[in-house]
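One chain, chain A, links the two complexes that follow: it is found with chain B in the first and with chain C in the second.
The block that comes next holds the complex of A and B.
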């Protein structure tokens, strides 16, 4: 120990009956130092967090406030008068609007199919590509690649590929299936969009599930194998329960991203045919710009947000319950 | 260990089947990209002539031509591409800095209300940016940010997932390292720069990739805050080409191929890292 001057360290030199009293009255220098340190830490933490918190305020809070303000005001398109406060009139108008309900219905229909489908495929791929097969990294990268192609590019390429004279119909032709209209048929357009969205998204979610799979301790599998459990049994009893958290994360993130799917619709279908792909996100854009009605759009946007939050909450509940069992 | 036991013929057959399945799946995902690249190097007349019936030439041009790429170049696609690259690069660098600092204070520094702030950050991530892009564009236009790089970059910087992943990684760094450095009188910024950043390299690659993909995929926001063709990002310019020239797709293919090849090269270069990085940090609690 280095010889420190006695005056620099009061706690060590103080002794006798006065010491406990002093401790009660002002706290030891140790405690003061700790308190000062806590304060300094909090200041540093605040400084480090400041840029991120400012961004969250600007990018998340400000627009929600703006949307709430837009949704409760109204003005005639092109009018120079300031917008008038109308309370919940925009929401009542939505409630009575058929086009709005079509959008809600089609958005839900699309999401009820696309999300479980994408997660199931992503999970299957994740399991397949974590079996220590040769060149697994390459196959993962190739499956992931579509996620890195800009969605506009994917949409355009698939749009051309799904034309009556395109390669997809040619492939179907070789197995004797007639030419299909795909994106121009009201009965096939949702399925076609699901195909495109899944080609883009599945690889991305697969990566997160591979992560989860890698975190499962190998001993569980060894033990199960010793007990004579087959591959299916191991999947149901070890993989699925152990993967609950990553699955929840991926399910929530995939759902919110599919709820705001926009580029393929605006580029390929413009909400048609027969409004089948007029999903809420597209309809909000359409109202806001093509119909120049930001007020109805803002009301619809708040509905979309509420719907999304509700779904996320339900998914948390479901997986939480599954965990309790 | 049972990895050393000799595989039974049945197990070996199983692995061959699984490998075949993996290769076929990967090829299925790759096919549209191959068709896109082939179509970049041929006239669109040939594209449709050779795609109407499937054959070797569906994926391999009969006659190679650079006309589509030249047409993209002549129509100023290079400028749009440069815009995209600049926006993505600025986003990745600044975004990593901002997210890492935030993640560091949420993971390492002990301060009151830490849980609350973390919850706020994660919840902000649950609201996808596209959902609030339209009202935000109105605000940005009031702030005179239309047609600026700032407007294009900003949404990419506030990424809750990036903060989440980095925090997760920082939590795994032993507290003794931090304590030892503090004993030696190192400040938080020094600990951050000398201990956490270097150790977090895999997580930083994953985060950088997520930030990059966000901007590379962006479409709705760029069309909202950009009003002239020169300032358009590359994906927007592709969509405009597609809608304007619905009879000649050659240029569309060429432009899309360029936008697909750039991330493909990055991914293949980072192949070893990116799976483990997003992978080992993304979704644990």
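The block that comes next holds the complex of A and C.
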């Protein structure tokens, strides 16, 4: 494991002026030594790489293989009897399951709205908080704070807040707005979850965008100002293009995290009302643990994986185009 | 934009490291995705083909305590660790060489905990609580042990409904220890203020749900009740099935193999239409989770609370809460029907300490009336007939506010109790119904909710057929 032998070897061969000459004189043994050194270097490299490779295998490859194996077997839910090979039956069952299609549809709907919205708000906040406002550090901290609260905690608090007889409705009542059902209504539940997820996420993504904004050289803005560009023009022509890379990072990472959003659903809605929040990630958990059917869950998981890979691939294409310019 | 970039070499990094970030992002995405995979597949099935039965089971007369200390693990959802402490203390005193490690699991998580541990043939779990209607489902999964030979003469020692619930295909597969019934609690202060007469505590003067609804409304209007009527288990089949049963809707399951959902008949539709109207008319509150309902009654906000007798200790603790109990109502023109069923003990077939576990099962369910004699605040009747006497002489029933509860419970268990549906697909059935109840409470049309529950159950049951 220790890199010491390789280092000392290097030191020895380059230590004196006579070294190259000696190597020339004794060609064959020197080649042997070099070969041995290459071998030793390779061994050292392998040893250094080994922990990472083991982790990749154990944490990434093995689970995928096992998911594929689980997805092609079936047994009575939770059964202690050995599962049977069923080929693609689990996928066929999913194809015919209304519950599954509702999950796919609602997952996509949620993500189509939540991701652009979160990024737009995070960007607006980032731009605002890099404008030399007084106490901007304080504002940034306040906006970032929800990201530092454990998600389960915020979910519970929001659950109480959004109860039909809860404090949010009390506040709405004082300004003359009728009581809203929020999480208990199939028409408002997605919007309520978007509110909760964004309250948590916006401050976090904002930090990345602030870092990106601070990276844009001021000279661009100065030059644009000299050319007579207004604030909107400067935003479209300098800020946005220069921010493309951090923005695309935020887009991909935010999409991934929203696709696997789980805690608020498990805590607040259990997939309801009318299965409107039965997102794929939640449904996978539900099938695997609550209905004791890991085979259906594994099949569903592979579908989610494929869906995410497809969407992230599209986003990378955008990233690639951005870098080509 | 292009100009800005080409004129200023200040950002060469942007083009100097093409692809590096994408690769890292791929890794991030892959990591997230595979972490999920791990999360799910980490608990995949991995079972050996042999269907082992634990060694050491003997007819109960031949049980012998071990000579050196044996620790058995018992996962329960019926009682908290505090409730169980006096029972375990008594057991440890009587059987010093057996130590029981009791692990209390919240009811909502119980099924997932059991499925993870039992489907992997985890020998570290010996005993577990079995929710009675799930007996057939657990047996179909291979989670239960045949106890027929171990406890041969139960018929004379436990009540018939409990014994029936623990029997599958003529075999005793679990040891019943607790059954249950329901009461209608009412807040005397709120009713008095509204000028509503108190309901009778006699079974023959049982109120109808229609009458309860009308009185609840009056209590809200004139008595200052925040809520007129609030069910204890707002989204659970256990408490809501009797509504449909009262109107002849049945258990919701039919068919020779009990794998056909029957939830859209007149009885179910009518019962659920009434249930939905409670929330529509603001007699019951939307969005209050099951765990918070008893506290709402204890706080004096609710006029009528159909709920478990197990809340009696909680409610009698409130010195200022003036309440009474009445029979569980029925629908006009229908028949009285009350919830029942409780808990049995299941023995893990993979257990390596079966005999020690069997000694504890016997102590818990049978010996001199079983566990009931050690629990001071117990308000749920034991299955064991010898234990019922202890049960009915408890202090909680001496509280004047609980007057009539003893006679009522005995009457309901003997005459009006309806068991929940028995089906190997009970887990999926209860799950789909729980969602339907919640949706109905939140305003979904009952017909729509029951139809979609039927569809979900039928699709989920395909694998059992």
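Everything that follows uses one rule, which is that the second predicted complex is superposed on the first by the 261 of 325 C-alpha atoms of A that agree within 3 Å, B and C clash if a C-alpha of one lies under 4 Å from a C-alpha of the other, contacts with A are read in each partner's own complex, and residues count from 1 in each chain.
Everything below uses one rule, namely that contacts are C-beta pairs under 8 Å (C-beta built on N, C-alpha and C of every residue); 3 or more make two chains touch, one makes a residue touch a chain.
Keep in mind that what you see is a predicted model, and the values were worked out from it rather than measured.
Using the superposition on chain A described above, determine whether A:310 touches chain B (first), chain C (second), both, or neither.
So A:310 meets neither chain B nor chain C here.
Quick check for you: in the superposed arrangement, does A:257 touch first (chain B), second (chain C), both or neither?
In the superposed model, A:257 contacts both chain B and chain C.
Scan A:139 for contacts with chain B and chain C and give back first, second, both or neither.
The first partner, chain B, only.
Please work out whether A:150 is in contact with chain B alone, chain C alone, both, or neither, and reply first, second, both or neither.
first
One more residue to check, A:294. First (chain B), second (chain C), both or neither?
Both partners, chain B and chain C.
Going by the contact rule set out at the top, does A:174 touch chain B (first), chain C (second), both, or neither?
The answer is first: A:174 touches chain B but not chain C.
By the touch definition at the top of the document, which applies to A:214: first (chain B), second (chain C), both, or neither?
Only chain B is touched by A:214; chain C is not.
Which partner chains sit in contact with A:222 here, chain B, chain C, both or neither? Use first/second/both/neither.
first
Hey, is it chain B or chain C that touches more of chain A?
B
When the two structures are overlaid on chain A, which partner does A:79 contact: first (chain B), second (chain C), both, or neither?
second
Residue by residue on chain A, keep only those touching chain B in one complex and chain C in the other, then list them.
Shared contact residues on chain A (touching chain B in one complex, chain C in the other): 59-60, 63-64, 66-67, 70, 165-166, 215, 245, 249, 252-253, 256-257, 260, 281, 284-285, 288, 294, 297-298, 301, 304-305, 308-309, 312.
Which bits of chain A are touching chain B when the two form their complex?
By the definition above, chain A touches chain B via 38, 41-42, 44-46, 48-49, 51-53, 55-56, 58-60, 62-64, 66-67, 70, 125, 128-129, 131, 133-134, 136-161, 165-167, 170-171, 173-174, 199, 203-204, 207-212, 214-215, 222, 225, 245-246, 249-250, 252-253, 256-257, 259-260, 262-263, 266-267, 281, 284-285, 288, 294, 297-298, 301, 304-305, 308-309, 312.
Inside the complex, what are the residues of chain B that reach chain A?
2, 15, 18-19, 21-23, 25-27, 29-30, 32-33, 35-36, 48, 51-54, 58, 98-99, 101-102, 104-106, 109-112, 114, 117, 120-121, 124, 126-136, 138-139, 154-155, 157-158, 160-161, 163, 187-189, 192, 213, 216-217, 219-220, 234-236, 238-239, 242-243, 249, 252-253, 255-256, 259-260, 263-264, 266-268, 271-272, 274-276, 278-285
List the residues on chain C that touch chain A in their complex, please.
So the residues of chain C touching chain A come out as 1-2, 4-5, 8, 10-11, 14-15, 18-19, 21-22, 25-26, 28-38, 40-45, 47-49, 51, 111-112, 114-116, 118-119, 121, 140-143, 285-288, 349-350, 424, 427-428, 431, 435, 438-439, 442-444, 449, 452, 455-456, 459-460, 462-464.
Flag every residue of chain A that touches chain C in the complex, lowest number first.
59-60, 63-64, 66-67, 69-70, 73-83, 93, 96-99, 163-166, 181-186, 215, 217, 219-220, 223, 237-238, 241-242, 245, 249, 252-253, 256-257, 260, 270-275, 281, 284-285, 288-295, 297-298, 301, 304-305, 308-309, 312, 316, 319-320, 323, 325
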